[in-house]
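What follows is a set of notes on a single structure, which appears directly below.
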Amino acid sequence: MIVLLAAAVIFPFFAGRYMMSIGVSVLLMAALGQSWNIMSGYAGQFSFGHAAFFGVGAYTSSILYVDYGVSPWIGMLLGMGAAALLGVLIGFLSFRYHLRGDFFALVTLAFAEILRVLFNNSAALKGAEGVLIPYRDVWQEFQFRDDRIFYLILLLMVIAITAFIGVISRRKFGVCLIAIKESQGVAQSLGVPVLKYKLAAMAVSGAAAAMAGTFYAQYYGFIDPGTVFTSSISVEAIVPCIIGGSGTLSGPLLGALIIVPLQELSNSLFEDVHGLNMVIYGVLIVVFIMFCRDGIYGALVKRQKGVET
Amino acid sequence: MNIYVLQAFLDGVLMGGIYALAALGLSLIFGVLKITNFAHGAMMTMGMYAVYAISVGMGIGPYAALPLAMAMMFGLGFLIQRVLINSIDHAPAYNQLLLTLGVAYILENVLLMVFTPNYRTLTVDAFQKAIHIGPLTVAPARLIMFAVVLAVTAGFYMLLYKTRVGRSIRASAQDEEGARLMGIHVKRIRAAAFGLGAVCTGIAGGLLTPVMSIYPTLGESFQLKCFVIAVLGGMGNLWGAFLSGIFIGVIESLSGYFLGGTWSEMLIYGAFILILLVRPTGIFGRGNRRES
Amino acid sequence: MTGLLQVIDVCKSFQGNVAVDHASLTVEEGAVTGLIGANGAGKTTLFNCISGYYHPNSGTILFQGKEIQRVQPEKLCRLGIGRTFQIVRPFGLLSVLDNAAVGGYNRGTGKKEAYAIARECLALVGLEDKLEMPAAALNTGEQRRLELARALATRPKLLLLDEVMAGLTPTESKEMIGLIEQIHQKGMTILMIEHIMPAIMSLSHRIYVMERGAVIADGSPEEVAHNPRVIASYLGSRGGGTEYAEHH
């Protein structure tokens, strides 16, 4: 873990432009994955709509910045707040009506889609043209000429989310979330405030995804509904957890570290075969679901425990 | 009544037929296998390209290509269930959901590799020329499309209610354990149900081939709508799915006329959330609801 | 008449099917009360009403004199009602200690306190040497005991036990009887559903018999065992008889 961290910190000082962009992609997926991990991996509420939170984060900071001159740092915090509220709203509605499993996933998906359509068609929200972030190179406005600083900031975000998960997993909140995932009914009988905890998990998870959303907007300088609210963002939040191991601390990090380079590799190897990289993506999902349900990290942990007992 | 409204209504019913057939397949799969099939849109696209490929390859008309395409779709669905889904039978719901998502990526992008992202058209001019029915205009291809939808649905009804396989499917949907006790080979029935679901969806896609330009992600745009319709009709309630398919087609067309296309989309998704929350068994009541 | 728990004229039906039919019972503080009846008699449904999972259609449930028939399970746990489930459901991903700690947090204000309570309860049920094991790795007998420890860790005033001996070997059952006896000795009030007749006969001070949702008899184990109606409908019938035979 420490070696990995050290490598991640040193990385930008050795990497070229191309490698840097891959590094950012890895971290972005890791951040999304970890945010999903809180709500779905730990609390067991399966989200298929993390794009909703990501997009709300990206749009809140961007519109506030472009139209009102609010620093994206502040916009990021406001976006996180907005996404947390959205999470609580989705959660409250769903849990009030006892939605679970597939139906809960469908509700989260529907919310993301509604937001996409809404942003696509509302002039006040910049419509389908999206938002172009003007480049100013002022750190107070979350802009840097040096990509390495962007990278390190994102690394810091990933570390923050991971540390948060690490801390809660040893405390009441995290232990109770796992209890809720495994059996909500039993958790209730033991006095766990199930609704409150699930909503809290959704709020934190939404806020974390929104943070990644703001980063995305500032780093790439352009967002539109088709990129930040699309279901492929939601899938990008899920896949690293599946590959690495959901409900584990380092699983999603490992997952992101494997998938992104693999994608890049297949992209460059089979440049002219349109779609092959996505076929590989699909095969990867299928193979892991079928043969390695706990993910790589989960399988490792299980093997270790198996040896001990 | 305003003639444009009437025209919108007719267009809605005709398109609703496609929704109905696709959602019927989704609902059947959910009813028997208790799986929300995220590969449904991709299977619809498979149907489109199956008709396209057979028609071009064998030099026959798109409608003549339908039977063979149906057989292919059944084989595809049967295999997907037997080889992939079946092996994680009692995994948590979201694992099955993700598995079908992986399948969707594979199907869609294999099509992309084979057929490129270019638009393909297979329209037959004679069927495209609008004809007039009183004050209304309609392309014959759309009428044929709707007629085939009705015929396939009728055939589907006969299969489900008049044959042994159909009775076994319905029994398995209602009570898997009971079906097993009655000596029904549930595993094979589940694969058959997935195959039949694939046929319905594939035909719904295939019927669009002579009507619009196709591309590998076209089916995906129907997927969420299929979810909406199947939930509205009550997941697992086949006739509910069919009726709400027509219903959504009409609502979409009429609200598109009155409110504009995008707001009609909002309306439908909004209604979707409302139904999921308030009445997840669907407006026709009898649907299954999965607890997990 | 007052008791720690009073169930008064409770009815619960599901889509017209009556599961609990005007049932009344009283659990005296410090006593072990048994609830018996054939499968489907409504025992577990009544349990679920008492512990807040179902809200009765009519009737009143009083706990320490307060109405609780509309209160949510987690609130009831805080008020002092702990329970186990007919089907054991350990939190398999968590360690044995963490499992009990989830209960311990109900009273424990902090982590330290919660884990102290958890350790104490695990020691009581004899799982003190398996603290770090994942709960999924325990055998059925151990999982039953873990469930008991988990419920005890919430520091209940009333403990509801739903067939804690189901699936246990005769030896394990005997140990469980001893354990329940021990917990009772410490002053715990217990209401238990049980199919194993000698167990419930030896443990209970008072037994209620349910049939088709209604309480048809109650009294001391002695009285119930000789009640002709109980013998006819349950003890002597095939249902109770085979179950009795199965275990002995």
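Residue numbering begins at 1 within each chain, and the chains themselves are lettered A, B and C in the order written.
In this section, a residue touches a chain if its C-beta (ideal position, glycine included) is under 8 Å from a C-beta of that chain, and two chains touch if they have at least 3 such contacts.
Treat the numbers as computed from the prediction; the structure is a model and nothing was measured.
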{"item": "Innermost chain, taking as reference the mean of every protein Cα atom displayed", "value": "A"}
{"item": "Chain pair bearing the highest count of C-beta contacts", "value": "A-B"}
{"item": "Identity of the chain that, by mean CA position, is farthest from chain C", "value": "B"}
{"item": "Length of the line joining the C-alpha centres of chain B and chain C, rounded to whole Å", "value": "49"}
{"item": "Centre-to-centre distance between chain B and chain A (centres being mean Cα positions), rounded to whole Å", "value": "31"}
{"item": "Centre-of-Cα separation between chain C and chain A, whole angstrom", "value": "43"}
{"item": "Sites on chain C touched by chain A in the complex", "value": "51-53, 72-74, 77-78, 82-83, 85, 89, 91-94, 98-99, 101-103, 105-106, 111, 114, 133-134, 137, 150-151, 153-154"}
{"item": "Residues of chain B defined as touching chain A within the complex", "value": "36, 84, 87-88, 91-95, 97-99, 101-106, 108-113, 116-117, 216, 224, 227, 231, 262-263, 265-266, 269-270, 272-273, 276-278, 280, 289-292"}
{"item": "Residues on chain A engaged by chain B in the complex (per definition of touch)", "value": "40, 46, 48, 93-94, 96-97, 99-103, 105-107, 109-111, 113-114, 117-118, 120-121, 235, 238, 242, 273-276, 278-279, 281-286, 289-290, 293"}
{"item": "Footprint of chain C on chain A - complex, ascending", "value": "171-172, 175-176, 178-179, 181-183, 185-194, 247, 305, 309"}
